[in-house]
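Note that the chains are named A, B, C and D in the order they appear, and that numbering of residues resets to 1 at the start of each chain.
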Amino acid sequence: MNFVNSVDDLAGRVGDGALVAMPPEYSWVSMAMTRALIAKGVRDLHVLCVPIGGMAVDMLVGAGCVGTLEAAAVSLGEAGLAPRFTAAIQDAAIEMRDSTCPAVHAGLQASEKGVPFMPLGGLIGSDIEKYRADWTVVDDPTGRGQGPIVLIPAIRPDFAVFHSPRADRDGNVWIGKRRELMTMAHAARDTLVTVEEVVDDDFLADDTLAAGTLPNLYVSGVAEARAGAWPLALKGSYDADRAEISRYAAEARTEPGFEAYLEGALAAARPDAAE
Amino acid sequence: MNFVNSVDDLAGRVGDGALVAMPPEYSWVSMAMTRALIAKGVRDLHVLCVPIGGMAVDMLVGAGCVGTLEAAAVSLGEAGLAPRFTAAIQDAAIEMRDSTCPAVHAGLQASEKGVPFMPLGGLIGSDIEKYRADWTVVDDPTGRGQGPIVLIPAIRPDFAVFHSPRADRDGNVWIGKRRELMTMAHAARDTLVTVEEVVDDDFLADDTLAAGTLPNLYVSGVAEARAGAWPLALKGSYDADRAEISRYAAEARTEPGFEAYLEGALAAARPDAAE
Amino acid sequence: MSYRPEELLITVIARLLEDDPAVRHVAVGAASPIPGSGVLLARETTGGRPRASIIHGESNNPFTDGAREIFDCAGQGRIDVFFLGGVQIDGEANINLVGTTGAGGYPEIERRFPGSFGSAYMYFVVPKVILFRPEHTRRVFVPKVDFISAPGVSDPGVHRPGGPKFLVTELCLMSFNSDARRFRLESIHPGHSLDEIRDNTGFDFDAADHVPVTPEPEPARLDLLRNKIGKEIGATYPGFAAEVFGIEVEKTERKAS
Amino acid sequence: MSYRPEELLITVIARLLEDDPAVRHVAVGAASPIPGSGVLLARETTGGRPRASIIHGESNNPFTDGAREIFDCAGQGRIDVFFLGGVQIDGEANINLVGTTGAGGYPEIERRFPGSFGSAYMYFVVPKVILFRPEHTRRVFVPKVDFISAPGVSDPGVHRPGGPKFLVTELCLMSFNSDARRFRLESIHPGHSLDEIRDNTGFDFDAADHVPVTPEPEPARLDLLRNKIGKEIGATYPGFAAEVFGIEVEKTERKAS
């Protein structure tokens, strides 16, 4: 049912200004969609990192696609600081909403449950809380004298976007133990997924596979994209291409270097990376 | 690690007055533990049905083990009303805390997240809300004028008790898509699990199995109990023994009938029921 | 073409889903074979429009996030129709699933029923709740319920995207107007009368001068029910399929975990 | 027996875990090979007492409920020790992971770092947070952080079961007293001096008249590290294991999903 012809078709649904949730680098980022969104020239995205961003977010920022960024952190991991993110913040080129990991999860869980907010411990006295005008500190509203607590408003992404090793013939998507992908999809209005392959199976008919499956009920569109996480890892399928990530980290230190890298990345698909 | 010799050893940990969370009948009830708790003569339990009770709860109530019962409903399903529960309520023999399914889940999720309460939509104007002194109705505490909302306090069970087809050699427990078992275990101080079998495997080392596994981090004790859900179903392993459940439903209509049934049930284990 | 009462109720429910293009996803709770059959029939006659999710079903069960998912899913606005019943239902569409009380009221209980299940939540968040209670007597349809498991209407300040829209019984189909806080008789099932309905209803309701007769199940729909839907619903409710459609269903093969 | 600076820090961390029977479960965040090695070493020397959970680790990673589980788990009180660092750390144990600002302060940023990760939460709920920041300079240890990712101390009314207890750097081990809101020098690593520490610390701290020297790694612990722990931590941090322990680790075989 939810299948589309190409990653570009999927990216075509994401309009300027959309709130897009993306997973962390250890959890199946769709680099294929990232490239397609950049190629399409989407603008003013509000990107929500769930909860940490990496190369995909850095590329989107560098390509001028991002207006607002909400994240607990953005980093290339072992490859160092995220260069275009760092530059954009230092130049005040994007609006940054500094968050902390559990607050991102809590905001998505509020949308998942259809409630306007979720309480969260900690945070009080941090500058993160101080600068988040959308968070509310209240004295224990149950009147039990448990002290002040922060209320995190529901975050409802327009799109959750990620990659997965496989979907079945009905568009049910394997997420394994990457449950943040399920929360993202529950919270988002639409979920767009690229997959290594669509397999002729019914994941929901097998109780073992069902345990790690996002049902198509929450999936708006699926497109095949071989090596769709490349150069990031797709755990269980392929490792990270560390040389490529390091090359990016080095070249993207300057804006011309980033532009040159981007031109190459958009020109060359890498269908062989999964092998 | 977390293995004990017998179901009786496991039941021995549950003291009088404990708050015990139990899953619904479609989600792997430990009838073996239920019988062991009754045999041990535990008293004044606060049983939390997550969120619906069935034969196990009815037996615990009939055997005089329960002081307080919190549930969205108690029923034998196709076999009709739960007879000892019904009698106990009509005789005001136990304290009943009528709840509604999502409120039970919300209370457990609050404990799972370590927050004192969780907001939940709906409920306002129901007699469920009216008679729950522990729930709080507040005007939107974020000050956004979203109207009144109910705050459900965290429920922290002393014990989560359930059955599963299998645990691995490290005490990691397969729960499949029965995620309420995971929430129960996260929320509870201790989790006691009976299993059909302990297998020589490491579920966490296999990304497919890990997706449906409760890690031993949350498991306080595991005991083998063949046919441990009998006469209820253990989905994927065996069907419900409808004749036995109907027999219970009929005999338990009277207190002497229940006593006679119980005597038989405690005397006879049914090691062949899984075949 | 002769038909069974259950088949009439199934087609009444199916039409409520077929006629409304806003119905994209219908969820059916446990132990609800007639609503379940109605949804599957509507899906068939509309060429697949409403998605049907049958909680704990052996098939048409898409839930993989545990017992809370159905409620979360409804809270997300992804469920357009849900079915609720009641030990008692009153004229303001308050429903009682807990039981009957003495004069002192709850928590004193005269006759206890299972409990409220998820009604206190689903009634608020699902846009089109269909009350389904075949037994149409004054024991069920009372002036005022003894216990409000879920209220039929709410104050304007309360966030309530959902609520009761229809009531299906063995005698009739009614609609509910939440502004007027009243039921309205929409059609009377063949062989029954307005007087019979008034006699068996403990509250007042609106009715036009000429209330139409509920259409009988069309042969094409009966054919679908008996030859296709019966087998599908039988995977979850074998006893029902055997009794109503005379179909013996083999238990669906599912790979064990 | 000669040792590398990393090996000293690993044994310093291991002792903080070994000596405290309340330490039953230690969680280690991403990209933390030295704390990770310290935990695995302590588990070995205590005969398995602290459970070690390495987030995103190829082994010792028990999490199956997604990225939120580590925070939920800490909120449940199931994590006794966690490690945090800081671009800047001040004398009241405030930590800054966001970056340095100009005179106007945040949101103006002079030098941006990744961000606060989960610190604003974990610092509150984990009873024994060990601050680990090898670089001991006035650039790091400042009078006042430019941005408080997480505060070192909280007002009495704030629910805070957790907070900073120790600070481990390349020069020394300090403890933190949250009532006094001050660090105290506990031991000075071999080859360094109190003066050197004062010169490189931008805030005042307490120190006894005679501060002990940090014990060197014992041969038995070094042996464990090089022959057992190195291989285990190398499954998650192969580069670290190769550089520090000279161990080339084969990628752990895991069944693909």
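Everything below uses one rule, namely that a contact is a pair of C-beta atoms (placed from the backbone, for glycine too) under 8 Å apart; a residue touches a chain by one contact, two chains touch by 3 or more.
This one's a predicted model, so the numbers in the text were calculated from it and none came from an experiment.
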item: Longest centre-to-centre distance from subunit B, chain (CA-based); value: D
item: Centroid distance [mean C-alpha coordinates] between subunit D and subunit A, Å; value: 28
item: CA centroid of subunit A to CA centroid of subunit C, Å; value: 40
item: Whole-Å separation of chain centres (CA-atom averages), subunit C against subunit D; value: 58
item: Overlap residues in subunit A, where contacts from two or more other chains coincide; value: 109, 113-115, 120-121, 146, 149, 176-177, 182, 207-208, 210-212, 235-236
item: Residues of subunit C engaged with two or more neighbouring chains; value: 63-65, 71-72, 75, 125, 254, 256-257
item: In contact (per the touch rule at the top): chain pairs; value: A-B, A-C, A-D, B-C, B-D
item: In the complex with subunit C, residue positions of subunit A that touch it; value: 111-115, 172, 182, 186-187, 204-208, 210-211, 213-218
item: Contact footprint of subunit D on subunit A as seen in their complex; value: 23-24, 26-27, 50-52, 71-75, 77-78, 81-82, 85-86, 89-90, 92, 96, 98-103, 105, 109, 120-131, 146-149, 165, 174, 176-183, 212, 235-237, 239
item: Residues of subunit D that touch subunit A when the two form their complex; value: 30-31, 56, 63-69, 71-72, 75, 97-99, 106-125, 147-151, 154-155, 157-160, 239, 251, 254, 256-257
item: In the complex, subunit A residues that touch subunit B; value: 106, 109, 113-121, 136, 138, 140-144, 146, 149, 151, 153, 175-177, 207-212, 235-236
item: Touching residues on subunit C, where the partner in the complex is subunit A; value: 25, 51, 53, 61-65, 71-78, 125, 254-257
